[in-house]
């Protein structure tokens, strides 16, 4: 831990610059979120209020009205005043009220959906990266071999398949034809939610197909990138020297070739991790999986603007946070970053 | 006694429509503790020779003929496992740029430790790190730099570190590929002084490959001159300098302006080095040769030993001309 | 470049689909014609790819969908590539304050989650025909390309030949267009292909989400219609398999072309080709 | 003695590297005269390339001034490049691989001469290529069809199209094959004689400097340490660094092979971020005195146009 700390302090200049960027990006995201409804023709906040009143059949409370105005625009205040209101609203974690699920606050719905997405997309992203990278190293190391000659074109095809379509196919084959997996949802609705074995089992049962399709359609991209980087790295002098040293092929492959070839891939991985939250939007929709993606889909279908805005803001901030964490990790992985930074 | 005997070594690149022969029928012998200089320009085949000698070549390079006999074992046909045992304990290499030759994400010491422990299973980690520091000390790098990353060392230090690395397992033969091209003359002299001192202490032989003949004339015991993939002349440094027989050797020697003796206009060797993809027929040097005569563009001369050195030129005829 | 089988296959597939998009509707029949005699039928001689729940011919729809999807893909790629060039090249070439501004913009778009962003914007913009969809996809999909071009232009602009031509007196305009840009054509074409697959996929995704105008026919709207009508749960696989396969084919083709281009520009990759490896082994064993 | 065409007066260049400063060139003064060749000799990191690039106006000096025809230069470098041209080290990098030889020469001619017709342009281009001893047939070749030496000739021809007064050669032969280097130096020598060019020859190889130049200037760690007529400097170096440089250079004539390589370990050249106080050579200097550690030695002018920055000479 101590070495980690010293490394980080030494390289603080690089990180400080990145942190500055992410703060600016976060500000931009919030600004965008603020501006979008205000740039649109008409008056979204009035429309939302009307919609709310229509759905609930009662007058919208004054408090809710203020909150909606703060988020979606107040025709009676100037832009600066609106922005101040908007920020105050956000700082309380208030993302507005869902139109469809009135009067449940958007934030609550988001918090409910988040764990599902994190579980599904988080694990699959890591798995796909691990499988793809490992196979990519092997294919690149044995470039031109039969394994490489088969694996590489095949994954080229895989990585070009739209993943929601793979999801549809999988659902049809495994859910419909074979009947091995449930057709929708993230858990068995008949079971009580909680930490019971049966419940966990149902979560697993519902999750396995979406997870498999995500891994299946995502690992090819990692494989291809890693293969080409490995082929390039294998021809570096330090790999040649490692072979000249008589080290075992395994050691040369992993500690010398793969370790360096991974660095660019890792940046991509960071981005993918950031994308986890917004992640496999379409896959979630195909499987009606109760995650963030599905939430956004429902919001879009029903033009639930508060929900759309809230989910989008959350996704953006998550991406930024993940990128920042990735930068931190990168500093540890590549000792040269200090020299460059 | 000879450490290394190379006989008829031929290396081809099998890209394109026809193979490109980068090393053609190369033969030489290296004695214990000797420094053999190999001098050549671009396209001479000297880099190909290095990877072939050390069995580090990759597709599309292939050794198509010849033997590399190292203590009675032919390296060309050796199984990978057998070869791996010989590596570094008997045969080590120093590459041109230490910046590229050291793994950028591993500490310098760790790159010593892994090779030390691979070849000596009894060595524990602590002892290996201590030995790494000791080896660095041998080339004048302080022990605390053992935990540095390559980019944290200066160019000169990195180059010394890779020389120390080459000596880690006490090899009998070190192949050096332009080990001082990346450093300046002052540093070059200091590094070479160290190499000579260490050779005296440890007794390893060196194949020193470079384009800088003037340096070899001072450093090497014997020198092989390569041109167009073949050795055109080989002999002691002294005799090559005072009595170069091959017109190319003479031209190359006279391509280095003198530092002290009186200046006169020198011309180097007009023309360009041969393109190995499309080599000239006969003697590869004939298009640039000031002394060429009838038949040089058809017959390729073989090496002929005259007094103290061997030369491949039709000015020095022998019976075994190849056409 | 055409020596590489990857490039050849990739280009053939792409050409096929472009031709299909241009001439398809002439030969493919009416995709909207309802054959009430044949509803939800599996592939047969009459309907090679089967029919939809509305009795529409899937083959005719797939062919018509090529136009819809390719149009959006190509249009989005043109817009995205243009923006990438306009942002990336000046940033890399001029450096300094120009770079600081443009690079910040690029990084911003790079970390923004593109698909959700497109969804939100498309959600606000009502009535989204193919042009609007292509515009939105292009507007949000240029940042990766711009980053690559910036890095390339940066390294090119400090290359000796650019400096040398500057010393000879070439104005910036010519330096950019005659010295720097020609070296980027490989990157730009790769980027364009990449943008095209991205566009086709994004369109499919958006259509699937019901964002695009469902009146227009594309592979995305086909899959969406199939999903809407629960084609999966009813086993009508012929409805959603062909459009997805087409998208996958185009994606594969573009990746193959890029792979081949990579091999041409990176000799290390070329050395790793199977033909080289096999030939080397044969010579070594001989 | 004629007036210098190009001068650097007390020029310094500092680069920002993160939060630290790299002092690449410090207080360099240099004058180039028509028809004379000055060699700037130093190791990598000595600042010789930075100085060349300052003279080529790739960046502005941190302090000091560059004077062309006796006037301090300012503003856009466009006019300046009519008088000063640079030959790059790497002939593979300084020609755009996508353009034929002809394109390079034609552009240079068009930018600097009023070309009346295609025939006129062709004539000028042929004249240029012949001046660097290449046949007219080379005009329609691409750079990759040429050898290193041929490329460097094209680069020189392109620079000559401008009809410059000064040619700066940044290690113009170091990337060429040994056997063709001398031809290139002979070409530069011929151009000096024919056109009365002022030539700055930058090199790390003191022997090639001696072959080509009239005067030698030696740089170390960003500072000039010694200068003067070449034979004087090489036969009798005044600065201990010059001495070391000459002793370290390969010289087969020396003959005494046994003692050649008992060179003392003098450690590394200094960092330019935090250079040594006083004389920058003092940590490696065998004869360093107390004053060398604290004060930078001033320029000591000696007879016959020789000068040095060394306290040993200043004290005399």
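Letters A, B, C and D mark the chains in the order given here, with residues in each chain numbered from 1 onward.
Basically, a residue touches a chain if its C-beta (ideal position, glycine included) is under 8 Å from a C-beta of that chain, and two chains touch if they have at least 3 such contacts.
By chain, UniProt protein names: B, D = ABC transporter ATP-binding protein; C = ABC transporter permease.
Just so you know, these numbers come straight off a predicted model, no measurement behind them.
Colleague: Any chains in contact with both chain A and chain D?
Modeller: Touching chain A as well as chain D, we find B, C.
Colleague: Sort out for me whether A-C or C-D is joined by the greater number of C-beta contact pairs.
Modeller: Most contacts of the two pairs: A-C.
Colleague: Whose C-alpha centre lies nearest the centre of all protein C-alpha atoms?
Modeller: C
Colleague: Let me have the rounded angstrom distance from the C-alpha centre of chain A over to the C-alpha centre of chain B, please.
Modeller: Comparing mean C-alpha positions, chain B is 53 Å from chain A.
Colleague: Report the inter-chain centroid distance for chain A and chain C in whole angstrom, where each centroid is the mean of the CA atoms.
Modeller: 22
Colleague: As a quick test, compute the distance in whole Å between the mean CA positions of chain B and chain D.
Modeller: 31
Colleague: Two or more other chains touching the same residue: where does that happen in chain D?
Modeller: Residues: none.
Colleague: Two or more other chains touching the same residue: where does that happen in chain C?
Modeller: 271-272, 276-277
Colleague: List, in ascending order, every residue of chain A touching at least 2 other chains.
Modeller: 144, 235
Colleague: Would you mind writing out the residues of chain B in touch with chain A in their complex?
Modeller: Residue positions touching the partner: 54, 56, 58-59, 83-89, 92-93, 95-97, 100-106, 114-115, 118-119, 149, 151-152, 162.
Colleague: Can you list the residues on chain A that touch chain C in the complex?
Modeller: Spelled out, the residues of chain A in touch with chain C are 21-22, 24-25, 28-29, 36-37, 40, 140, 143-145, 148-149, 153, 156-157, 159-162, 164-166, 168-169, 171-172, 175-177, 183, 224, 228, 231-232, 235, 271, 274-275, 277-278, 281-282, 285-286, 296-297, 300-301, 303, 305, 308-309, 311-312, 315-316, 319-320, 323.
Colleague: Quick check on the complex: what are the chain D residues that touch chain B?
Modeller: 43-44, 147-150, 177-183, 186, 204, 206-208, 210-211, 234-235, 244-254, 257, 260-266, 268-269
Colleague: Give every residue of chain C touching chain D within the complex, in rising order.
Modeller: The touching residues are 159-165, 167-170, 178-179, 182-183.
Colleague: Within the complex, which stretch of chain C touches chain B?
Modeller: Those residues of chain C that touch chain B are 271-272, 276-277, 279-281, 283-284, 286.
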